[in-house]
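Here the chain labels run A, B and C in written order, and each chain numbers its own residues starting at 1.
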Amino acid sequence: MYLSTIIETVSAWAAQEPKIYALAIGLIGAAIISAVINIGAMAVVWLERKFLGDIQARFGPNRVGSRWGLLQLGADAIKLFTKEDSIPRGADKPVYVWAPIIASITTMLVAAAIPFGALRIDGKDYPLVVANMDISAFYVEAALSIMTIAVFMAGFSSNNKYSMLGAFRGIARMIAYEVPMGVCVIAVALMAHSLNLVEIVESQTLWYAFAQPLGFIIFTIALVTDLGRIPFDQSEAEEEIIAGYTTEYGGIRWGLLYFQEYINMLLGSILLVLLFLGGWNGPSIPVITVLSPMVWFLMKVLIVLIFLIWVRGSLVRFRIDQVTDLGWKWMLPLSLVNLAWAAFVGLYFA
Amino acid sequence: MSAIQSAFPGAVLESRVESDRRLWITVDPKRLVEITQFLRDKKDFDHYSGAAGVDRINENLFEVVEILTSHGAHQVVVLMKVKVPRDKPSVRSLTGLYWNANWYEREIWEMFGINFEGHPELYPLLLPDELVGYWPWRKDFKGYPDTTTGERAIEQVGPDGYTEFKIMPHTELIKAGVLPERPKYPTFREREEAEIKSDSEMIMHMGPQHAIVPGPFLLDLLIEGERVKKAFLDVGYIHKGIEKIMENRTYLQGIVYTDRMCYLASITNNEAYCGAVERLLGITPPERAQYIRVILAELSRIQSHLLGTGEFLTLLGAATYSPFQYMIIDREDIVYLMESITGARITHTFVRFGGVRNDLPDGFADKARPILKRMRERTEEYMDLLHSDPIYTRRMRGIGVLSPGDARRLGVSGPPLRASDTPYDMRREDPILVYPDLDFKVVTRKAGDAEARVEVRLEEILESIHIIEQCLDQIPDGPIQEKLPKKIKPEPGEAYYRVEDPRGEMGIYVVSDGSEKPYRVKVRGPVYAYMQALPPLLEGAYVADVVAIAGSMDACTSEVDR
Amino acid sequence: MGISDVIPVPVAIDEEIEKWTIWGRPVMDVWFTTTEKIHQIIQMGPIKNVLNWGRKNSLWFLMQPMGCCGVEMLVFGCPHYDCDRFGIIPRATPRQADVMIISGYITRKYLPAIKNLWEQMLEPKWCIAVGECAISGGPFYDSYNIIQNTSDFFPIDVYVPGCPPRPEQFIKGFVELQEKIKQRKDKRGY
């Protein structure tokens, strides 16, 4: 096969010059990944505006860029880029400036370790991942929550009471839900005997959503919390504290923060698919055998995304004390139960 | 009446029994508090409904009219007048007897300059600080010297490059004697900052522009973490002085202003004003007109409740919460129906003295019935939805509880009062139009929390649909307008008329001096009472519940400020 | 005391950067002259059209209901009229809004607050006066508490008449504003 010869040549060269290979592949990977996640997130924003419109019996954007409103995001981006740059009086300037940058760095860190699907060549799946780490599952889950630090920086530095409350809420929520989320990842790793996302996917002959349904539910809820979406968007509750931690942000700084949330949403749903929904596993599709894992993978991700948007359109938000209540009193014990279950079942099958 | 006379010989200077529901008495200012206490304790007048000031400039007197009534024990409304000389006006305060007398007396103080002895916090309520001291509702008020606009408003560039907008105080003009001296009192900001006791507390301003508010008002919360320790409310950001403007318009022109008082209930506001003037004129509208008025009032109630509930839901979820959007869709149907009758979407100016402006359009009943039927199904669906949503019930149950006793004491009316197990509805208490002929039930709930208030509203939509359907069946043919002279000049006198607004008890008190223009119009709005009751309700709540409680009251700022 | 006083964050650059020089001139001077030049070029050329295309199709307005028109403003954002079709969405904070809708009477008490809101909005920004009250005081023109000359305080681009205007008129007002931006005829010259 043509493809396999290329792969062989490249791997031979890689064996000769391992350092240069690593550098080159890292740079190329970073470029590709930043393109992929940004375009992906733009698609997510578009999807959300249209699908939310559908849920609410509206059209959503349909004037700019054909009747599908495809260029709406471009118009928004141009406008945000050309807005005045302002830092409020009394703000903690460096922290204020760095908050959106840290948010973007976070998403890049996460994206580096996540496999974006796979290609099926000669019956073998080659995952598309830049940094194939041994502990990538745990790493990704931990790195996702660095976003909360950006939230806290943004809220704390703005010199605004709403932002401050938003930041505190963000931290309280993160602490309450990071633990059960981590325990769920451990449970998955127990079953898969690995913390590597690729290996976790490969070991899922039965989706872990069915093998440990409790863990799946807890992880989904914790994920929605981590992404800060309704019903867990207390840190930017629009009707209570104006716009939460982004109250004082405008223009492109706000644009960055806003966009990172959508990138995170994309990455989060990919993580959910990888951990619980069998990743790119699925039967081969005849004509496009090479792409068939990609098709399955994207389909699953799309379904998760639509689910997240649907939730946003149909639920009201929790109060912050109820959120932490739920996190500590229900999610954590239940996730431990799930861990025990995973250990038992894992031992039984292994 | 005779009971008062026998209990306080010599205290009652004048009295008039208008009907079995209205009693006008003029009492000695010195014995006002005693008589009120007697009425409250012995005669069940437990509802302080409002107070109005009247400037009788020809007699060199101020009148303060206290409106007292009862929560269901009987249906008598006592309008108790006190006359005080104009040069040093002072009346004993009733705040010791009725908690909710507070705002009404503050308003009379800032507008007329009538001092209330024993009032705990005689600060301006609606007026901006710079207008206090001019007493704008007095008859000899010549208009405010317009020094706000133009050169007094300046934009200052500070040393750090930020532009600040300021309206300079007119201290120099006061020194020069052009403007009168202003009374001394601590400003709103100073009052609330005096309450900060420790470092962990801070004041969070919600407003005047804030996503929770249906119109601008300032809700300041003294919070510690997420807990509200004390709430301060400042209204008057859209105070337009409607009552004063109406004194300078003819009776007919006045209807336009009642629309803009509460734009969600303009029909009922029209109704209250026209009803009061009809009492002055001594006419009753023909039966068909009465039915049309009832139909419109109930339609207006439906759309107001839908918008109120919808807006409340956006406070819980974001504006992306879909049921809110569905409610607006349903509301548009109702608005179309109203538009087909009146020609306007929200400000109708439809009710006339002794009738209505025009008849129902042809085929209205056929058009209305399917819409009402669909509305009923949809409303039941909403009730189901909200009832079965676990997050919603967790958020709303037991939040902002008003016990029946508290609700009565705070003087709220309408859905919040009925949610606190008090069947107090003007359509029953003070029946007008054809309401006595119609079959409807007064919706009540036991709980008194935010959830119950929303439930009451949704169920009232069902009742309103029921009323409209009866009206469509029963409506007779006939004229829709009484014959009236072109220039409306009622005999000198006064009338008080109450209707059930979508938000509660709406009363309008009109004084006529025999000319083309009303001498004084006083509006007793329901939201005024809600807003007054809001700060005590919010104490001890979470910040997130503040929006829930404020939203469940369904406030309409425009009516508070007038 | 802020976080940056405790933890060294790698941007204490502000004072540092002012000392830097390039071609014998302070960096800041060079930087700002070039940005000014770039701006001049943009003002003339077709790039401006692209920028204005973006701006006109993404007019986010400040949620600030003030009177009867506030109700219609709410309906304007909801399904029947759906402002999202035009890329117009409501924002709760002035920092993220481009258009201020003055939707009612401005009183003496409210004027400072609303002016502050206007100052907090970031450039480029536009202002629409909706309803008779915002245009001239409307039915309350002779009230002691209403300010009539709104245009003295705000550079109003579009006046939407009506008492209150229908939601369709809101859309019309926004379309007019878009047209003005496209033709570079708005008051503040974007």
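Following the convention adopted for this analysis, contacts are C-beta pairs under 8 Å (C-beta built on N, C-alpha and C of every residue); 3 or more make two chains touch, one makes a residue touch a chain.
Composition by chain, UniProt nomenclature: C = F420H2 dehydrogenase subunit B.
Quantities reported herein were computed from a predicted structural model and do not represent experimental measurements.
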Topology of the chain contact graph, where touching chains are joined (line, ring, star, complete, other): complete
Pair of chains joined by more contacts [C-beta pairs], A-C or A-B: A-C
Euclidean distance of C-alpha centroids - subunit B vs subunit C, Å: 34
Where subunit A and subunit B are represented by their mean Cα positions, the distance between them in whole Å: 50
Cα-centroid distance, subunit A relative to subunit C, in whole angstrom: 33
Junction residues of subunit B, two or more chains touched: 210-211, 319, 325, 329
Subunit C, residues touching no fewer than two other chains: 78-79, 92
Subunit A: positions in contact with at least two other chains: 56-58, 238-239, 242
Contact set on subunit C toward subunit B in their complex: 62-68, 70-72, 74-75, 77-80, 90, 92, 94, 104-105, 107-117, 119, 139-140, 142-147, 149, 152-153, 163-164, 166
Contact set on subunit A toward subunit C in their complex: 49, 53, 56-64, 69, 71-72, 74-80, 82-86, 92-95, 97-98, 153, 156-157, 238-239, 242-243, 246-251, 254
Complex contacts: residues of subunit B adjacent to subunit A: 160, 162, 202, 204-205, 210-212, 225-226, 313-322, 325-326, 329, 389, 391-392, 394-395, 542-547
Residues of subunit C that touch subunit A when the two form their complex: 2-4, 9, 11-12, 14, 50-51, 53-55, 57-58, 78-79, 82, 84-87, 91-93, 95-96, 98, 121-124
Residues of subunit B defined as touching subunit C within the complex: 127-128, 130-131, 134, 136, 141, 143-144, 148-150, 153, 163-167, 208-211, 213-216, 236-242, 244-245, 248, 256-257, 259-260, 263-264, 307, 311, 319, 324-325, 328-329, 331-332, 345-347, 558
